[in-house]
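One structure is given below, encoded as structure tokens.
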Amino acid sequence: MGDKQSHIFDTVKNYYNNYGLRAKELKGEGKQFIGYVCSLVPLEIITASGCTPFRVRGSVHEPITRGDTLLETIVCPYYRSVFDLSVKGKYNFLSGLVIPHGCDSMVRSFSAWSYGLPFSYFHFVNIPSVCDESSLEFFDAELDAFRKSLEKFTGKAITEEHLRQAIRVHNENRDKVRALYEMRKADPPLISGTELTMTLTAGSSLPIEESNGLFDQILTEVKGRGKSPLKKGPRIFIDGACLDNIELIKLVEELGGNVVADTICNGARDHFPKTEMGGDPISALSRRYLGKINCPKTYRENKAGTFEGDIASRFGDIGAYTKEYKVEGAILYVYKYCDPFGFEVPARKAYYQSLNIPLLPLEDVYSSGTIGQLRTRVQAFLEMIG
Amino acid sequence: MTKVVILNKGIIASIIGPTGPEQRRLANRVMEEALKQAALSIQEITFIVATGYGRINVPFADKQFTEITCHARGIVHLFPEARTIIDIGGQDVKGIKIDVSGKVIDFVMNDKCAAGSGRFIEVIADTLGVSLDTVGDLSLQSSHPATISNICTIYAQQEVAASLAEGVPLSDLLAGVHQSLADRICRMVNRLRVEQAVIVTGGGGKNRGLLQALSEQLGQEILVPEEPLITGALGAALMGKEIVEKARQNNTPLETKERILGAVEIL
Amino acid sequence: MAEEQKEAKPKKRMTATKAAASIGPMVKEFITGTLQAKAEGKYKVAYTFIVCHHEEIFRALDVIPVWTENFAGICGAKRDAERFLQRAESLGFSRSLCTYALCGIGFDQWREELGQMPPEAPWGGQVRPDFMISSGQILCDPRSKWYQASQQFMPDVPIYNIDLPYPLFQENRDHREVLGYYHQYIVKQLRGLVAFLEEQTKKKMDYDRLRELVNLSDRTWNLIDETYKLRRAAPCPMGTGDAMNTMVPINFMMATQKAYDFFVDLKKELEEKIARGEGEVENEKYRLMWGGGLPAWYALNDFNYFNSKGASFPVETTYRMVAPLNEMDLPETKDPIEHLAWRWLGYWTFWYDKAKKRPGSEPDVERLINWIEEYKIDGVVMHEAFSCRTWHVGLIWQLHQLAKIYKPIPVYMIGKGGQKEKVYRELPSLILESDIIDITSYSEVDTRNKIDAFVETLESIQSNRAT
Amino acid sequence: MVFVLGIDIGSAQSKGVILDDQGSLGSFECASGGDFKLTAERMREELLSRAGRSVDDISRTVATGYGSKLVIFADEIKSDIVCLAKGVSSQLPTARTVIDIGDLYTKVLRTDGNGSVHSFILSGKCAGGSGRILQVIARVLQVRVDEIGELSLKSKKRVEFNTGCAVFAETEAISRLSQEVTKEDLLAGLHRALAAQINSLAERIGVEQEVAMVGGGARDAGLVQALKEIRGHDILVPPNPYMTAALGAAIIARESLTIQD
């Protein structure tokens, strides 16, 4: 990064550091924000209802204290932190919260959330664990139930036209994210991983139109750079669940690596798949969220009959991204106590090996206290591939 | 411990000194001694590489590398056939996998818990009032290793003290402690798919009791360098030498710090 | 991994009933049966999971189920899981994941590598399956991931992953609004299972036989419910320690005559004990509820330790996988598959209506409250197993909520002014922390100290009782 | 007149109290050492000499703590949970939550004014969240354990400190010092992190006010202050907070005599 910080990145930083700033402002103007965790909540339905989806975040800097009253410490530390901040009142400006069936901890803690927080609206979206025709039909019905529950909450009908319009703006948002990722293809990339993750995180706290506007400004800014502010270094890919604090990515970049692509929840996993336009909007959404979001939570049948064939189909998107972004090394960052990702670690390792991409697997506890430990591992890894 | 290796064509000085709260000043002092041994002044040193836990605290180092890279480099220099390295230090235990060309291809490190590190044995030896140099040989005299059921070092310390009071022989306790540590280490390095030759380095390489427990649990023969404590420093020196040679080849200037060995004030 | 040390064998647990004592040999026979079936090759064997409530489908097609969680539990109970857990860790799985799954994967990988059973495999070992039936229930991520992970080592063994969701309790919603499409989905998933099994076994489903088996297990459900309710008697004739054994016919043998007969015998035994005034504990002082969590299988002796302090366990929320069918209000249907789907939904939503009526309650809390009353409970014991989120997340919240809405114990205590006053005290509770099969997480000394302190607590509350 | 003893053999320190019908006649504290039996004997002798009594005068002895099973002359052994509740209730009858920070374990319990326990929780499988870490740090900083509280309170800018492992806290402290962090700020960081960990444990059984802190850790003013800040309310500390379990044991001994009468 150059000495001169641009104005627009200051805005991003501000939204990132004071997460929820804009929501608090807009709440004063009568806007309702609906919180959500996990990439599996269909945001378009919230937008179509006239409310604004708001991704609830954790903090690696804040020790978990209050949350432990109501939630066991055997839950993944990321989710514990999100819960802890919530019960401490950090997100009290929200009007409601939607939790999907992303993992066991989300299911088992739904009551703790819905009884423990002062929001007037709570909803649980059940997500099938398998992806076949009958699951999609079921999911259509489940999303329709979600739509109805929001209608009841807002007292306004959510029409097909509302849904189509919401799908359109969310797809636009995804196009802009893609365009931002394009900026990473240069070597060195025009935008750092730290800047990009901060931008996307800030975006997930804004109404979708504002998020679109912000991304446009960032794009203009980055394109205007012409020359990269970064040094050449190993091109690193980040794999894992939700990484909504930039510490790891920042660490990689401080140590001389450039984060150029990812498949994290608040990155490509969430932002790349688009919703089909035309046809029934609910059905299009169910196909996007169940079919296209590549989350380990969803079981996909091994049709190849071999292990190699199976991982090639399950993790094919990773292979495509690593090629597209000319990746030289990958970090698989998994939280302790995360069953969906944890059980895939050996298979993912094998897949990276088949791609001939060196991999650094990390198991971490979502606390800035572990940065020292991570530093040695990341530095050694960069030395190893450099 | 702070170690210094000075390299020319071969090793011309190698010194091991203690590491205390005042790492920087000690790095100074150990450096001074090494220079004395080599009969060199600091200005005559072409390039300095620091590694290890305190690598960022060495003010006169021109470059820092992690101990993983340096241990691997040092070990491959001593044992070209090495494929698996287990470095057992006081802070960390590391497993490193090396390919045929001597390149690091994978590594694992222990978590921030003393149970799987050399500190475990240091603490227990201290509790039992045995010097660290003798724990290995003492434990080899045991025929009935005790079971250490606690994982936490502090709890294990308490457990060992209680067993000793109950009359469990010292050698059995130490053998149990070595098995417990070997178990933790094996669990970790097994993730690398251990291949021959297996080299153990770091302080743990000097402990025969631990080496035997490790060898049994891994089901592999283990090789140990003659001076296991300095392989990291040796590797760092070798890395430095490469940097110098590369710069000379490409005719590029070397980026070095000022060669000053003044004492550093610590708050 | 030359050193695959086994833990010292635990002392044999004392059971309160003859029925519970007969379970060990039954399980052994069952496992030997799977090995034999595989050797003979006449029937297909399938890896699968308990509490999916569709075992009738397997049995109607003569598929032999291999309950992989059970095998891991056996390894745990025999204190011989560590070597398999370590193997899984070496393969790159974190120890923080479900240890049942880790044990199973470690065992399978070893068996596949050797081409035969690992040395000294517990009770002859776990047989190589012909196929695997995963179950993406609403709960238990490891069930969806376990067999997928095992497939790395046996890629030729196909998986059918059946999705069996149920509507989660939501305070602001009547679950009946959504039951229709849940039912439709489950029926389709079950029919998919039938089709998969037909293809694998090359047999056609005999729906008359299926109907009979469903009828048999329905009758067994009701019988289990009646039998377990006998434990309301004081002194309680059978405790949770025994129930951790009698869960075997409930979970592994449903839809067999043997399971039905087992409960006929158990019911009779309990009735006789009650008539004789014989309890699980000789001098019953405290009645405790096992309020959540799977047990530490290597430490079932802890139940005896509780017993030795005069504490009995008349009821547990774990492995009591039945609810009286006549109270479930299931829609009539002649189609056994449709019935299975309704029974599934009826089981999971059984407490929903009751929970709605009590502010602050939810189904699991409601069950606690009801059983505290029905079984006259003095304290709640829970186990938090670090590796299992499925059954162990939400327990402390339930206790918290229970304390908020249920304060039944009047005691005297000293208030701010130094005066004695009568107040209502929440039910005392104890949370034990360790794991289902990872013995390294367990400390007998610590656990027994906790139990001692808990019993002293019960004692002091009894002596301060206001009435 | 009856005389009773309460003896608490902890993993690091042993504590004892001698009571008569009126109240305490004296207390004694010493290092537990390696031989708990011997320590218990010595404890009894010291207490008797302080009260000017002989062994035969003692009607009842209750032992508690880590090494309680080795107090062979005890009439009864009680868990420290119950003794703590009893001890706190006698000194601070309004306390409803008691946090005991010992050398190896941290314990939290909920009680009423009678000394009945309603629920409790102990720290886990590792000494990371216990008082041991304070001793470790004191050694690194070359200060006495009883000085660290005052030092910590002088901090103006506490550092972020990780208290994962009590053994590695030492090396973490060393590396922080080498990053030019002051002793005061380091201690304040440690106290904050430890207090957060302790609070988190306490929250798991729910905290009811008022809250009392006892055990060796309660002697550390820095730790008490850190916990106050995290909880946002006052915390009671009885005089001689490390004696609480021994006092409770003695009270239990006396009470059981009254009941027998």
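All chains are identified by letter, namely A, B, C and D, in their written order; residue positions are counted from 1 within each chain.
We take it that a residue touches a chain if its C-beta (ideal position, glycine included) is under 8 Å from a C-beta of that chain, and two chains touch if they have at least 3 such contacts.
If you're wondering where the values come from, they're calculated on a predicted model, not measured in any experiment.
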More contacting C-beta pairs: B-C or C-D? The answer is C-D
So the centre of each chain is just the mean of its C-alpha atoms; given that, what is the distance between chain B and chain C in Å? 48
How many angstrom lie between the centres of chain C and chain D, each centre taken as the mean Cα position? 39
Distance from the CA centroid of chain A to that of chain D, rounded to the nearest Å? 45
Cα centre of chain A to Cα centre of chain C, whole Å, reads 35
Can you list the chain B residues in contact with two or more other chains? 111-112, 151
Enumerate the residues of chain D that touch no fewer than two other chains. 125, 162, 164, 175, 204, 206
Numbers and ranges of chain C residues touching at least 2 other chains: 91-92, 396, 400, 443
Quick check of your reading of the touch definition: is the inter-chain graph here a line, ring, star, complete or other? complete
Could you list, by residue number, the parts of chain C that touch chain D in their complex? 396, 400, 403, 411-416, 418, 423, 425-426, 428-431, 433, 441, 443, 446, 449-450, 452-454, 456-457, 460-461, 464
Chain C residues touching chain B in their complex are 1-3, 86, 89-92, 440, 443
Chain D touches which residues of chain B in the complex? 20-24, 53-54, 57, 90-91, 111-115, 119-120, 123, 151-155, 158, 161, 164-165, 266-267
Touching residues on chain A, where the partner in the complex is chain C: 69-72, 74-75, 101, 103-105, 107-112, 114-116, 122-124, 126, 128-130, 132, 134-135, 137-138, 141-142, 145, 149, 296-297, 299, 301-302, 305-307, 310, 334, 336-337, 339-340, 342-347, 349-350, 361, 363
Looking at the complex, which residues from chain B come into contact with chain C? 149-151, 179, 183, 186-187, 190-191, 193, 216-219
